[in-house]
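What follows is a group of structures, each given as structure tokens.
In what follows, subunit A forms one complex with subunit B and a second complex with subunit C.
Then we have the complex of A and B:
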């Protein structure tokens, strides 16, 4: 019994210290490998890790109701956590990649705004459908008052449900989640592009302009992959549905940050080694 | 310079229009196939003793499914373009082949999912498979073709650095996310649970008791597509169309101002406008519909 108890994963928002330390040690090892094999890629790897952490953190803001939301049984957007976050983040990546020539800061902020804009439109249309299509007001099932507007929630919740639609705090959470996701995804793309622009010309013995299509494609597909890894990790941390930053599940985010950090370090290492190892051979 | 901007705005409007059609077709297709979250009720109903003739083809959520189909359509179109085939023909061929892949998934999805319900007495209706499949494929073709055409405009005309297949993947996932977010509640609550009270969520105790009968005979997914096409589909179209149009519009018109900060400020301003509209919608509902007579306590 005690052995089973010891093997249990950390409940709620608690961080399991042993696994976290093991994870952080692994992350340091991954960073160390890049430092030894390709010192020039060290800062890009740190940027990739930061981008991954931003995505993992941002997903916790996105109000996702899953299947119950599709029946007006729970608040949030009626789709999966990882997929909605991916939709917003990748829309941001689209804008950020377009602005890559304008520098890291401008491109990252452009990507963040792209993700936020996608979520703002989507969240608005969710409420429009609920209010004008189905005659249902927004109501949270997790708090008695909206933390931003102070609107009471309980009396607007229909009988036998956990709430429905997107209360204002959930709408804002969705936009903030889109901002983090779009910015994080774009940062990963920019960092990988920097690495590929540096190493690919040497591998192919070609000019930077000639390898750009390959560099952009590789960085783009790895950025999408890293985005999905971090979004899915956060979705596992959330387990099902979340209303937004006011949801008690939001407090679990430190665990997701550790997981995103380790996963991004490993994925970033692989994405960098693809060009570095070839060079050494 | 001015000509370039005018040209860019024209392409932006065209891409936005294509996206609007894509969103509407995507949501209607997914509702006919019960692809999105309301699928859980279609799957649950026989287990609760409610045998139905609703098509049930979900093999994945809408975003990954459309990510696959649009990336496939865009990738094939890209290959045809490299082979110097006329762009319009290349886009049509790419979308057509991707649609056949969708058809294969829909067939295996329906047969597999429905066969798994055999122990609850749910039959596999071959006539349902034959009549629904072509309709979902037709809607899928519209959604995939318009999305791939939009991606082609972004890449070839507006000069986005991503190659066509990556753009197809990105916008396919975004299309599925926008369509499922906007359209699912309308299909899930308003159509599947038409027997429940209007203006309230479906009580959890009613789960699985979906409407199975139409004006004449048993309801099937074509009836559901007809219903969704009236509001859920167009709303999804507006959602995805706005996302694409505003993203392109702010970039084309304002990116050259203040070294890129112009597009950022305009994007932020647009977000704030949507925040204000959303708050207005929320307050409108609270004022005009009022509270429910029986107040429920917060669950935590």
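Then we have the complex of A and C:
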């Protein structure tokens, strides 16, 4: 992480109507292209978009602290969104991928639990290091009372800081964000796997069992790509750092949902086109 | 509190660097086609050189974008570049001999749309945002296709997903031992994104110098290329692999030595600290 945390003056949370409409029109066009070229892949694309939106929404719950948190000057986990998303999301994705053959619901829930568990472990160890290693208590700078426990924050907050450590609400936010991220990532993987299992045997003129390594690998790498795109776009929305669901920046999430919807529709379209484009060259 | 990252002016203008990087990257990747022309695999290493050229271009783009203080850290830009780049690159491999050019164009298009989303829908309001994200996605796609070409000697979809294997005299198609089926693409993904973001992330600050930043990027790029050369042992002949390893190692050593020289030049003082000598008699 570079020394970028809390870099920009807080931008307003308002939705820009013109660009949002342009984005939604683009998303409809992308969905339309899939409907025309590969009608069987329409529902998977909608699943991919839902997964992307879940990821974009989930990032807003995760207490991302950045460099100020590493110096104990702001609450949150002391790294950037890209690292947290890669950790929690991919843990969930791998967890869910193992359960892929048990059906969409079981696999998605497994993925969500994997992501949530990873974040719970991360948050716990972060607090252990903050409290026993750095000797600082957990205190939020954005609210006077913890919305869940009602604990007051001000008397634990050091002067000149924006709070420090991981208060209970941030801990819960991290776990909820992990649940959303892991579930969303797994959903994208499952939907892409479904598309590839259907189309790849025809392309390679082979049995489903034979092409499974390629199908799994393609779905996995596309899911990682989509995951990172959605996570980084959501990170741009919160300008890098957020305390959790109680942070005023959390109210910006509608913008991120529009952004994730358009980005997932675009990336999902390209991921599906790979089995549609067949030039035989 | 504003934390504007200091970027030193001067050096080669970004647009010049972009054109050099783009052309040398495409030329490098296309030179691997000499494999098909000459019927050997010795020219696979050109793919890695093309990838390093694209990485240098991308490092300059990251420097330009992140000097606006995007607030999420430099690595996130590298992750976005490769997340969108891998999507563009995989579709591009379906276009046969035109793959590298399609990868470039698709990367630019996907990146431009993502840049529009970030700049307008998410209201980042950064003047170079759309162009930078478009360039980064194109760099991601070119690096992936370059390293892929270096590993397998080819950049089209079928050779990347199917490998004919002779079992008991009969030829069968093996999917699990291919680049995509074996999951090596994920390793290439991380090797590339580390190389892309590390240069500026490590060198940013008040005395940042363009040549030092780009030299570090090239150094990490060659280090990644060395790993990719070792991967290629699974796909191309031992002779071709040794050529790749040698060229990567030479490139890495040269850029590393240059980077140390440049660091000494820019440092306020340089003390050659000796290893701690263990006092005898303990």
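We adopt the following convention: the second predicted complex is superposed on the first by the 267 of 281 C-alpha atoms of A that agree within 3 Å, B and C clash if a C-alpha of one lies under 4 Å from a C-alpha of the other, contacts with A are read in each partner's own complex, and residues count from 1 in each chain.
Here, a residue touches a chain if its C-beta (ideal position, glycine included) is under 8 Å from a C-beta of that chain, and two chains touch if they have at least 3 such contacts.
Model, not experiment: these values are computed from the prediction.
Participant: Subunit A superposed: clash or fit between subunit B and subunit C?
Facilitator: With subunit A as the common anchor, subunit B and subunit C collide in the superposed model.
Participant: Touch check for A:128: first (subunit B), second (subunit C), both, or neither?
Facilitator: first
Participant: Touch check for A:256: first (subunit B), second (subunit C), both, or neither?
Facilitator: second
Participant: For A:55 in the superposed arrangement: first (subunit B), second (subunit C), both or neither?
Facilitator: In the superposition, A:55 contacts neither subunit B nor subunit C.
Participant: Once the shared chain is lined up, is A:220 touching subunit B (first), subunit C (second), both, or neither of them?
Facilitator: both
Participant: Thinking of the overlay built on chain A, is A:192 touched by subunit B (first), by subunit C (second), by both, or by neither?
Facilitator: Neither: A:192 stays clear of subunit B and subunit C.
Participant: Between subunit B and subunit C, whom does A:41 touch in the aligned arrangement: first, second, both, or neither?
Facilitator: Once the two structures are laid over each other on A, A:41 reaches no partner at all.
Participant: Which partner reaches more residues of subunit A, subunit B or subunit C?
Facilitator: Higher number of touched subunit A residues: B.
Participant: Taking the superposition on A as described, I'd like to know which of subunit B and subunit C A:83 touches: first, second, both or neither.
Facilitator: The answer is both, since A:83 touches subunit B and subunit C.
Participant: Under the stated touch criterion, which partner chain does A:66 make contact with: subunit B (first), subunit C (second), both, or neither?
Facilitator: both
Participant: Could you point to the stretch of subunit C, among 93-101, 129-137 or 201-209, that collides with subunit B in the superposition?
Facilitator: In the superposition, subunit B collides with subunit C along 201-209.
Participant: Do subunit B and subunit C touch any of the same residues on subunit A, and if so, which?
Facilitator: Common to the two interfaces on subunit A: residues 66-67, 80, 83, 86, 212-213, 217, 220-221, 224.
Participant: In the complex, go through subunit A and note every residue touching subunit B.
Facilitator: 66-73, 77-80, 83-84, 86-88, 90-91, 93-95, 97-100, 102-103, 106-107, 109-110, 113-114, 116-118, 120-138, 140-144, 149, 151, 153-168, 171-172, 175, 212-213, 216-217, 220-221, 224, 248
Participant: With touch defined as at the start, can you tell me which subunit A residues reach subunit C in the complex?
Facilitator: So the residues of subunit A touching subunit C come out as 1-9, 11-12, 14, 16, 18-20, 22-23, 26, 66-67, 80-83, 86, 204, 206, 210-214, 217-218, 220-222, 224-229, 231-233, 235-237, 239-241, 255-256, 258-259, 262-263, 266-267, 270-271, 273-274, 277-279, 281.
Participant: In their complex, what parts of subunit C are in touch with subunit A?
Facilitator: These residues of subunit C touch subunit A: 1-5, 66, 69-80, 82-88, 90-91, 94-97, 106, 110, 113-114, 116-118, 120-125, 156-157, 161-162, 173, 175-176, 178, 180-183, 185-186, 189, 201, 204.
Participant: Once bound in the complex, which stretches of subunit B touch subunit A?
Facilitator: The touching residues are 36-41, 61-64, 160-163, 166-167, 169-171, 173-174, 176-178, 180-190, 192-193, 197-207, 231-232, 235-236, 238-239, 242-243, 246-247, 250-251, 255, 259-261, 263-264, 267-268, 270-271, 274-275, 277-279, 281-282, 284-286, 289, 291-292, 294-300.
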